[in-house]
Amino acid sequence: MNFVPQLINLFATLILMLSFAMISQRRIVSLINLFMLQGVALVAASILLGYATGQADLYVSAALTLLLKVILIPWMLHRVVRRLNVRWDIETLINIPTTMLVGIGLVIFSFSLALPISRLSSSMAGGALGIALSCVLLSFMMMITRSKAVPQVIGFLSMENGLIFAATTVTNGMPMIVEFGVALDVLVGVLILGVFMFQIREKFDSLDIHNLEALKED
Amino acid sequence: MNGVPNPVAWVHLDGALMVVLAWVLIGVAGVVALKRLRFIAIVLFPMSGFFSLLLLALGISAVISGPEVAILPLGLPQLPFHLRLDSLSALFLILIGGVSAGVSAFAAGYFRKGEGTPPGLICLEYHVFLASIVMLVLADDAYAFMVAWETMAFSSFFLVMANHRIPEIRNAGYLYMLVAHIGALGILLCFGVLQANTGDYTFANMRAQQLSPFWASVAFVLAVFGFGAKAGLLPLHAWLPEAHPAAPSPFSALMSGVMLKIALYGVLRVSFDLLQTRIWWWGVLLMAVGLATALFGVVFSTVQVEMKRLLAYSSIENVGLMAAGFGLSLLFSAYGMRALSALALTAALYHMLSHAFFKSLLFCSTGAVMHATGERSLGKLGGLIRTMPWVAWPTLVGALACAGLPPLGGFVAEWLLLQSFLFTTGLPSSFLNMLVPVLAALIALISALSGYTMVKYFGVIFLGQPREEKLAQAHDAGTWERIGMLWLVAGCVLLGLMPNQVIGLLDPVTQRLVGSGLAQSLAGNGWLLVPMSVERASYAPVIFLLGVLASFGLAYLLVRRLYHGRTRRAPPWDCGYPWQTMRMQDTAEGFGQPIRQIFEPMFRMRRELPTPFDAQPRYKVTFEDPLWYWLYLPIAALVERISKVIGLLQQGRIAVYLMYSFVTLIVVLLVVKQ
Amino acid sequence: MQALLFVLGIPLVGSAVLGVAGHRDFARNINVAFSAGTFLAACVLTAQIVADGPRLVFDRQFFIDPLNVFLVTLTAFVGLTTAIFSRPYMRVEQDRGKMTPRRMRLYHGMYQLFSFTMLLALTTNNLGILWVAMEAATLTTVLLVSVYRTAASLEAAWKYFILCGVGIAQALFGTVLLYMAAEKVLGPLGATLLWTSLDAVKGQLDPAIVTLAFAFLLIGYGTKVGFVPLHSWLPDAHAEGPTPVSAVLSGLLLNVAMYAVLRCKVLTDGALLRPLAGPLMMGFGLLSVVVAAFFLSRQKDVKRMFSYSSIEHMGLITFAFGMGGPVANFAGLLHMTVHSLVKSAIFYAVGHATQKAGTQIMSEIRGLIKVNPTVGWGLMLGVMAILGMPPFGVFASEFLILTTAMRDQPWATPFLFLALGVAFASMLIRVLPMVFGETTLKPLAHPPALLPVFVHLTLALVLGLYIPPYLNGWYVQAARMLGG
Amino acid sequence: MSFLGLISQLMAIAVALLLAPLMTGWVNQWRARLQNKSAPGLLQPYRVLHKLFIKESVLAEHASTLFRMTPYIVFGCMLLACAIVPTLSTDLPLSPAADAIALVGLFALARVFISLAAMDVGTAFGSLGARREMLVGFLAEPALLMILFCASMISRSTSLTTIVETLAHRELAIYPSFLLTGVAFTMVSLAENARVPVDNPDTHLELTMIHEAMILEYSGRHLALLEWAASMKLLAFSCIGLALFFPWGVAEANAPLALLLALPVLVVKLAVGGVLMALIETFSAKMRIFRVPEFLATAFLLAVIGLLVNILLGVG
């Protein structure tokens, strides 16, 4: 069945597209949904890969991702948004078209970085490395351009997605223990961030990052 | 040079180390008895003075005996402390021992309550300072040297800050420490050059290296910069007139008498011993810097109105003269003219010894005066020769020596220096041939000016009528203070009267550094100091002194015999002008005024002249060191501006911070992609 | 290999216990007790390693060699002294109502957990676990920094989290790439993330991948070391947390991050023919030194100032390792040791000073020496030491670094000269009036714990004058392992 | 040192002691004549000294020991100076004890002491005089030193006797440097001996006085010694000048006849020199005290230029 790699590449492209969509998305709620979709695509990709390579632990990591990125975290984020009702639109620091253009540039750059390497990849989906890298960079840029706490966190998490995707596709998954460790860290991190958001909210009664500019060199 | 030392007489090095140990222990004892002033004053300081004498004796006998080495199990694992006692170090042991003996004795009587820092702590810092200096002189590898150097710096820093309640003193300490550290960094880099990538920091290895002229010059310039910062050479002199007055007087004496010399020791060590190549322009550079410093120092010291600042500037002048001597010697030896090089070096070293004695003597006397009167400004003193003769007469000797007058130590040095500057014909470069004798004129001018300064110093403090009522009951120096000052006086006089013996001590040093010495030309001339030949130049201080004294005595006796010795005391005549008040004497400012006019361009002066219609007219003039405005403040402003710009990097916006990381990532990726 | 078990177990258990009972009065002493236990275990471990060389344990998941064992001991030791210091300090904070019992519980629990994560990061052989541990260390310290719940501390913690999280993410990407490179050599089932096995085959790793990987790893772990463009979180996090946390942050965490960078550097140097890691590290190091020095000159907050000085010293260390070669590596390791000793000592003294003054603004702290001479002298000597005054150990390493650089990388020395000079001027002019002169401070209810300060300073002093042979043995072996 | 050397040394001292006041008298007499005054007798200075010695000396009530010592010290310095300057003969046992530099040092010593003594009583005039004296000194000393150096460049020696011998023995060559140094020397010696145009030797109560201001408080034997020392200083300077610029007729070692001949030669030369000095003093007006530094700086520069000329023309 030689169309499995093509399927994987399809999902890869889907993920890339989703992260572009996230960049262009203004509404927090749909941002969360997009993030969830990205998780779904990630899960699907790893299941496929596991099915193809027959490595059990890929299923496990798929399950982990499903649990965290698709169910738990989106649910928490929705809850936070509801509790703090910050469901309004987000104004970005840089306007969307510019961001998109820069994003395209980033994709080209990361492909040019990845190409010489990815053809060395042992995995069948080595080509995905470039996509993973560009996901990472895109979400990085998203964190830069968003001025609210929640989108920043989402950007952080989608960067995590990109990493996991890289780990899965390029190397057929990291060792289990590492996977678990990473998952644990992500979970705890999100929890802490959630707590912080509440505290920030009660200190500054807004989640606008502009409030967090007191500590500086004057 | 660094041949196998004779195992017979290793006693000197061990002895010196024992003295170091003893000093450290005394310091610790001082801390234990933190507040017990009497114990510290009457027991500890005299004890350390005794050890100084021991050090002096060790040094004298070590100069003649061959080098001794030892290795202490301290320092870095690959690099234990290498110690080496050669003639040069021995000479400095003599200097340290001789001066500190007197100063410690003086200090025993000096410290009173209320110096800010508790006496025990001062005792510790004082002795750590002495110990570190001895270690410095003995050090034979870069690490030991630097450790001792910086220990010296920061023990002295705390001593300068002894009275830290006063903000000015804190600023002085800050400036001092800063310049010292900048200099130390320079020295560090200098050693970095000298070790020439061998990773072996022993001086023996550095001597073995053959540096390219470029690297050698880098090392030399760094050394002059680093050590010059400590010695107070232009333009890094600014700390000196601040720090010397700030410190307690006995320590000012040590700073000026010993520490400045130690900095010059560094210059000698690097440029004459560690560096194998010598380039003529090094000498010219050193001479130029030295003479500029000397002129600057003496001109500024004439116009000072505060005792210790005046002495501090005069120290700058003397250091400059010594540096000039070294420079000349370097120049000669670069051209292989050994005898002349030895002459110049001897002159500089001689000046170093005598300056150590008379300057510390003068600082001690200011200390005594300040204790007796509580005044440090010349404008409020006067007439103390009557109330405190035990301070006045030693000070007179010191002042005469400082003025470079025969038959005292200062004159011998000046005499030798002039001789060496005079007979330079035969340098390959005709330009230098012309330059150097003219520089002799500069030296003559400088020493004449220092005479002016000393007359002002002594005259205004000790002569005339007291300018304040309270001076009438100023108490004289205590016993220990007297002992200390008399010891230093003895030093000045001996240096003045027995040049041949002293040069005999200097000979091994010059032999080692420039491969020649004056001893053979002195041999057989008895009391006659003959650097080259009797026809050429000669000087016999003893006969000189006897001549003056004999005619003095004869005149005295004859006058008494032929005529009479009747005298009558009466109010001063003063051209019959009736209303004499103490205010009518010439003030310190007045004394400096002509010099200020002549050398006006050298000052940064502001005058306030009264208009004829002022109700109470006042004339105010303030002058400052121009270098402060041309060098130091601009640098500070520059740093300020840069840091302002850099501060803009951090404005608290997390998006911007993320942007930094992002850009850095991209850039690094681009870099590695190549 | 029970020692290792104890080294890792004691703080883990401790965090559990204190997480439950951390708010009681005896918790302080328990905290000290656990740290002491860790330290003892670390000493035993060290003794064993020194006795019979590096070893792999627990099916190669843990690897102890001279490089990390000395960092383990150092970490355990500073952890202990900091625990001792935090007893009176935290009590005062509690009296002032800045710490509630809940927060005390959090503080104590997280303190132990934090030392656990650091020790794990140091001892693990698995690069993945290394990453996990680093991330975990970030999380725990985030909680510690934000423990006061003030606006400033929240802001600091948030920035710390986001910036370090992002940075660490890059490191994960680098790890993945390394894994990929290793897989092609060792095969999918080989122990591909174990540092030892990577080290064994580093010659055969594909240069292209390793290059890219190192770039990401350097950025990632470098963020936690505090390389200059990536340092923005550091001063905030140091300044706003409780002082004991600042002490361990700049005393230990930076070292651990540096350790991670070093491990990666070794692999990269082995895999690449051209020098890549060295120049990059030298560049970052130099940039950090210079920029931090200029930042120093405009500080008003005392803890902020000393955190910038940490950046400066980390830069110096990075520069040293970047130069490579036995001398420079030795100097770097020595500098890591003495810097963490001295800097934590300074933070102890500063902690007491700020509590006396009730503020961290330097212009309002005056004349310590009058109120409390020991604290004053502690601060003064500490600052002298950190400024590179002999005979303290910092000088020894700076001596080696500068002298080596002078002939190895002459171009760099002017910058180092400038930076060190500026740093000296800026810090001294701030500290002198704090220590000397007339005072504005009032004595405290609880006597400060000065033992840690002077123990650390004494150790630094000893290291400057005499490095004991076995310690030297570590250094030399470690330096050799780092290669050039 | 030979017996003859001893003789010549003693003669030199004796001549200095006895001839000095005569020289002063001679100059004063000539000046008076040139200014159409009725001149005092040639021996007037001896009478003055005698009178002062007889008088008791009045000291300011708080004058210190330094004040009383100074006249003797100054006297001693000047005597020694005269003893080492080759006046009659170059075979002087004392001369190795002090060369040109030491001679300058000797004058400086005397100057310092007299200035200190002037400050001791603490009168306005005294300290003012001391300051001015030092001002003159710090410029005159280096100038004098340069002049001597210029000669010693030629003779490659700083020992006075050697200088005089070489200068006396050289074939008659023209040294252009001597033109400059000669002028410089004249200026310096006018300043050093407190003569017009720098100072006026025979006025009190002038706000511009220097030397007189310093010795205002002295009287009786102290004053006598100071005056005597002053005249010896004048003699010493004249002898230096003669030795440098007209060194002929000075006796060599073991030449008794020359020694006998040297005295009249010296007297003649001194007489001429004195007349010249009187002429200068008559024709020039006393300058403002602020001009003095310029005057002396000129002398200093002339001397330095002379030195340069020496080197440029490759002498020595």
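Chains here go by letter, A, B, C and D, matching the order in which they are written, and residues are numbered from 1 within each.
Please note the rule applied: a residue touches a chain if its C-beta (ideal position, glycine included) is under 8 Å from a C-beta of that chain, and two chains touch if they have at least 3 such contacts.
It should be emphasised that the depicted structure is a prediction, and the values quoted were computed from it without experimental measurement.
Discounting subunit B, connectivity by touch gives the groups A, C | D. Distance from subunit B peaks, on a Cα-centroid basis, for A. Between A-C and B-D, more contacting C-beta pairs join the chains of B-D. Per-chain CA centroids place subunit A at a distance of 31 Å from subunit C. With centres set at the average Cα position, the gap from subunit B to subunit D is 36 Å. The distance from the centre of subunit B to the centre of subunit C, with each centre set as the mean of the Cα atoms, comes to 44 Å. Computed centre separation for the pair subunit A/subunit B is 70 angstrom, with centres defined by C-alpha atoms.
Among the residues of subunit C, those in touch with two or more other chains are 158-159, 162, 166, 170, 212, 235, 295, 298.
Shared interface positions of subunit A, defined as residues touching 2 or more other chains, are 113, 140, 143, 152, 212-215, 217. Among the residues of subunit B, those touching two or more other chains are numbered 647, 649-650, 654, 658, 661, 665, 669. A complete list of chain pairs in contact reads A-B, A-C, B-C, B-D. By the touch criterion stated above, subunit B contacts subunit D in their complex at residues 382-383, 385-386, 396, 400, 403-406, 411, 414-415, 418-419, 422-423, 425, 433-434, 437-438, 440-441, 444-445, 448-449, 451-452, 454-456, 458-460, 463-465, 528, 534-540, 543-544, 547-552, 555-556, 559, 562-564, 566-575, 577, 580, 582, 584-586, 590-591, 594, 597-598. Contact residues on subunit D toward subunit B in their complex (touch as defined above): 53-54, 56-64, 66, 68, 72-73, 75-77, 79-80, 83, 94, 96-99, 101-102, 105-106, 108-109, 111-112, 115-116, 119-128, 130-131, 134-135, 137-139, 141-142, 145-146, 149, 152-153, 156-159, 162, 204-205, 216-217, 220-221, 225, 290, 293, 300, 303-304, 307-308, 311-312, 316.
Considering their complex, residues 73-77, 142-143, 146-147, 150-151, 153-154, 161, 164-165, 167, 170, 173-174, 177-178, 181-182, 185-186, 188-189, 191-193, 195-197, 199, 201, 639-640, 642-644, 646-647, 649-650, 654, 657-658, 660-661, 663-665, 668-669, 671-672 of subunit B touch subunit C. Here subunit C touches subunit B in the complex through residues 158-159, 162-163, 166-167, 170, 211-212, 214-216, 218-219, 223, 229-230, 232-233, 235, 276, 280, 291, 294-295, 297-298, 326-327, 369, 384, 387, 389-391, 395-396, 398-400, 402-408, 413, 417, 420-422, 424-425, 428-429, 432-433, 436-438, 464-467, 469, 472, 475-476, going by the rule given at the top.
The part of subunit B that touches subunit A in the complex is made up of residues 647-655, 658-659, 661-662, 665-666, 669, 673.
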